[in-house]
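In order of appearance the chains are A, B, C and D, and numbering begins at 1 in each one.
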């Protein structure tokens, strides 16, 4: 049985508490939040759990095997570092840290302490993304060409980060999982329209190996909620529409073929392929439930998480570069691929 | 009666011929194309029309009042210039020219010759865009914040330009019509994936006055056809979905309000507004029919086209800048706003 | 504080338990089910609640003020009758009873005992249906012409009733709430395809006053889930699509006008009206939460439920008639409107 | 070359003219209509065609090989009979005739005269219906269970027939093509709401062999256009959505299996199957073009049309029965299956 504590009972924390509580291999022991109201809400649902406003109560609790951190990004590094330092496994919400060096430090410490460092890139544990991964690994799409995502809605503004850090983090982690190419250059655009210092709407481009590009459109100021991702391959292409309740993933037997010809006017001849479409059946277990089981499995059986510190670092690298590019109106920022 | 000739009977030319032919104030007199096959097709539908492979047959025909040019972009300037030089009104497909200087030269010549220079920015003549213009001018949206469009599909690759020149030209002209702000800076990204020298998929950002941004996503390599434009205002927001047969324009009473507060943690307080949505009834006349009528009206009554040379120039400026930014992986290119 | 017990913890019972438990005016005291497994599941979530397999434990419990019945239809009458006989308020799932006489007997007993008889016609408490009611009462739709609903999906076959008793019961209760016309005649069709004695797919027509008709299509054997209701008025028409997450109710300014003319061929001239559409903002509270509050309010303040025994009886009358019509392949069955 | 004449240039006639004109094996020679305006419109598009108000000009024209009839239903029999009597092939719009005996008489005459009797059940020639036929014949759906269609929109009221004769005729012909079962009994409901003697909105049920049913919902008074057909089989099920531009036909690997068991409570055990969905690529040729080619092929090569007089008769039988059932509020009307 894994005894776990939770720091942060705001927007996402309650989902973690619910999943930790119902996992057969875990026991939720403590919840920490700065707000008395939030602690009271937690207490009503989990009367058996210790409630505290002091994070040290959790760090110093030798009965705790693991701590989950669901607080603002700026606090992630400090809290995760203390968790590992106190010889506990750690679950960190995305994005893992604010700075690249911090991500690196957590990776090193978890390795030294031999503790699990799990980053909650939730989408990796959805039935949809796992099915897409399977389809890509089958070779069905051919060579990958692009990842193009739009993830917009009204609301859930965060006051301490740009929208890229909130919403694009999902796409970067999905892209990293599905298309593990080296990423060379990042360009990000957007306007600080409201004058609060943060950008609520952005375009992000990631140049990768083999001329592959990732295009991401994120916004907190859209009147409608759109969650559409196109993944293009030379053989087939995918539309992943997270709003579609019954057909989230559609695989199109469509493509463009280029042939070299000796025609007078053009160097290349184009031919379209249009065939059937299919929508595979997807597993419908809540992603967080799958992630929680995987975290427990990693702790119990000494496995490496699919969303480990390395995966967290890759996301942080792109986010940090995007912040600089955003300030420079889209100027390309090169990533240090060897970091 | 306006006697009109048409140069180019490829993809778009037949639509022009059909509309010119049915316009009560026009008579379609000649069609010119390099392909004998295309001319034969034209001849079957319009047996009364002169067919030729030689553009000079049209330029030298003193009975012609106007010539329409529906050829590849690289030929627009030369053909339009000759049309005006021969004292005829000219209809040019978008984008008007390849270079900024060319656009300027056409504007000057049409002014000097006192002939109509009409650029076929078709979308300006749709019921949808005209209704959106009306809603914006009513002040219903409040201050405009952003224009965000996705215009993707499979196919109709053009071999001589990037996809931005083909598809984003529509959005730039719509944006210019709806949000006539000064445009300062352009950033464009995308990959020449197929190695044919042209980019089939791009993101484009246009920084304008007042922190307003335009975001445009265009692609020839999407498995599905998407034509969605979001227009954000401080009071209301619009979703314009050109694929929706019956509710193309939806106006959402949704928004985000920011208040300055004295709270400890944040400078600004956020509040969402969510009210009713409505979809106004739209006129359902074919855009090209409206455009054709407007062109005839301009010729007969000496009016200035809504899509005149100046409008054409604004689009060319952004396209030219986007081409440079694309080569530099998103580097911001400043526009000369006084040109 | 209302002490409440629950009989039946199968498909719907857990939703009742959750809502009773979180209602500030209620205390969930006992749960009864025949299955030990179901009781164990209930016990894990509500450790403070008494669990029993014997319904008499609830009837004889003098501390209970009310009992909710979420069991198969055939048991509703008996359990509800015992509840009222034991001087407790009763919440019955829909349809209220199997027979018309039973419905009548419950109404009489609740009146005699002066106890609340609440029938769980859940949809009446949705934001969508309440908004439609408001629009109809405003006179916006003009005279009502028809109610036309399709409510189909795969699954949740019930083994003891036809699909009409399960799914059409929703529509009949909605129709009764929105269009309180006298209902004269019922015709129902469908096939006992699987040979198990019950009809999994049906059409139902209800002839009402003023030539108004109700058309209902229900099925447990559809590959897709459809929940669409059209409500036609002489002035406007409504599309209520329960699957649409953000625009469930759309009000169309559309209609058909008939004029008498003196034309040779036709007596009536037809003219279509097509104007704007709007989608009103809806309240987004869970219907069962609203229903629970209303039940508590009725008990505490002696109010009559919106979904009282009379409403339950109207639904039962149509269901009983539809059963007979179904056996006779659509033969019209007249309803006793004075019952 | 087949010389063809056309009687009726109203709503549908222009589509016939356009297709006859462009068919390489046909020459459109004459157009007949009672309206001078309509004839003038035809003349502008087809200057080479003879125009007349007198149908006898066509019947007596010995150069004509075939006549197409696109007039109100009540005139079909008389005009088609005269066409065949004058030794010409005949194309009749649906429904073929008003009465069963008339349909029979046309079949007999066409047989006696050895001329093609083609009924324009257009949907049979769509890529979608042809693909569904192929899927059914492959055995992919297993045993067929039901056909369930909704075909509603605002408008195109016909003044001389109920909506069933206009819109349900499509579904009956599709059903007859896809599910060629004997049809035993018909039940139809609907209200003559507008008092003009005709029913603008109806439900129709057709009981067939093997407990298979057809359910059809048609309306001229719906605010939205819906064209959805569900076809249920024991192995798979189809959704055919004619409004979906790119995925009209979806095949669901979904079903319900019933097993006999020895359980105490139930005789049958239910199990759902849910697998992948696929949308086959469809041919995209206009249905009328395919039908026109087929008509020409039948004339030239002496083939029997897929939509021959027998197919026309099957539709008329159901329509005639539905009219009687409609008057009797859904009372089941038995069909004479041996007619």
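To be clear about the criterion, contacts are C-beta pairs under 8 Å (C-beta built on N, C-alpha and C of every residue); 3 or more make two chains touch, one makes a residue touch a chain.
In this text, all values refer to a predicted model and were calculated from it rather than measured experimentally.
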{"item": "Chain whose mean Cα position lies farthest from chain D", "value": "A"}
{"item": "Selected pair, greater C-beta contact count between B-D and C-D", "value": "C-D"}
{"item": "Intercentroid distance (Cα basis), chain C paired with chain B, Å", "value": "52"}
{"item": "Distance between the centres, which are taken as Cα means, of chain D and chain C, whole angstrom", "value": "37"}
{"item": "Distance between the centres, which are taken as Cα means, of chain D and chain B, whole angstrom", "value": "42"}
{"item": "Residues within chain C bordering two or more other chains", "value": "224, 274, 277"}
{"item": "Residues of chain A defined as touching chain D within the complex", "value": "247, 253, 274-281"}
{"item": "Complex interface listing, chain D residues touching chain C", "value": "145-146, 148, 150, 152, 154-155, 157, 159, 185, 187, 189-196, 200-201, 203, 205, 207, 211-213, 215, 217, 219-224, 226, 228, 230, 232, 237-239, 250, 252, 254, 256, 258, 265-268, 270, 272, 274, 325, 328-332"}
{"item": "Chain B residues touching chain D - in the complex, by the definition given at the top", "value": "224-225, 243, 245-246"}
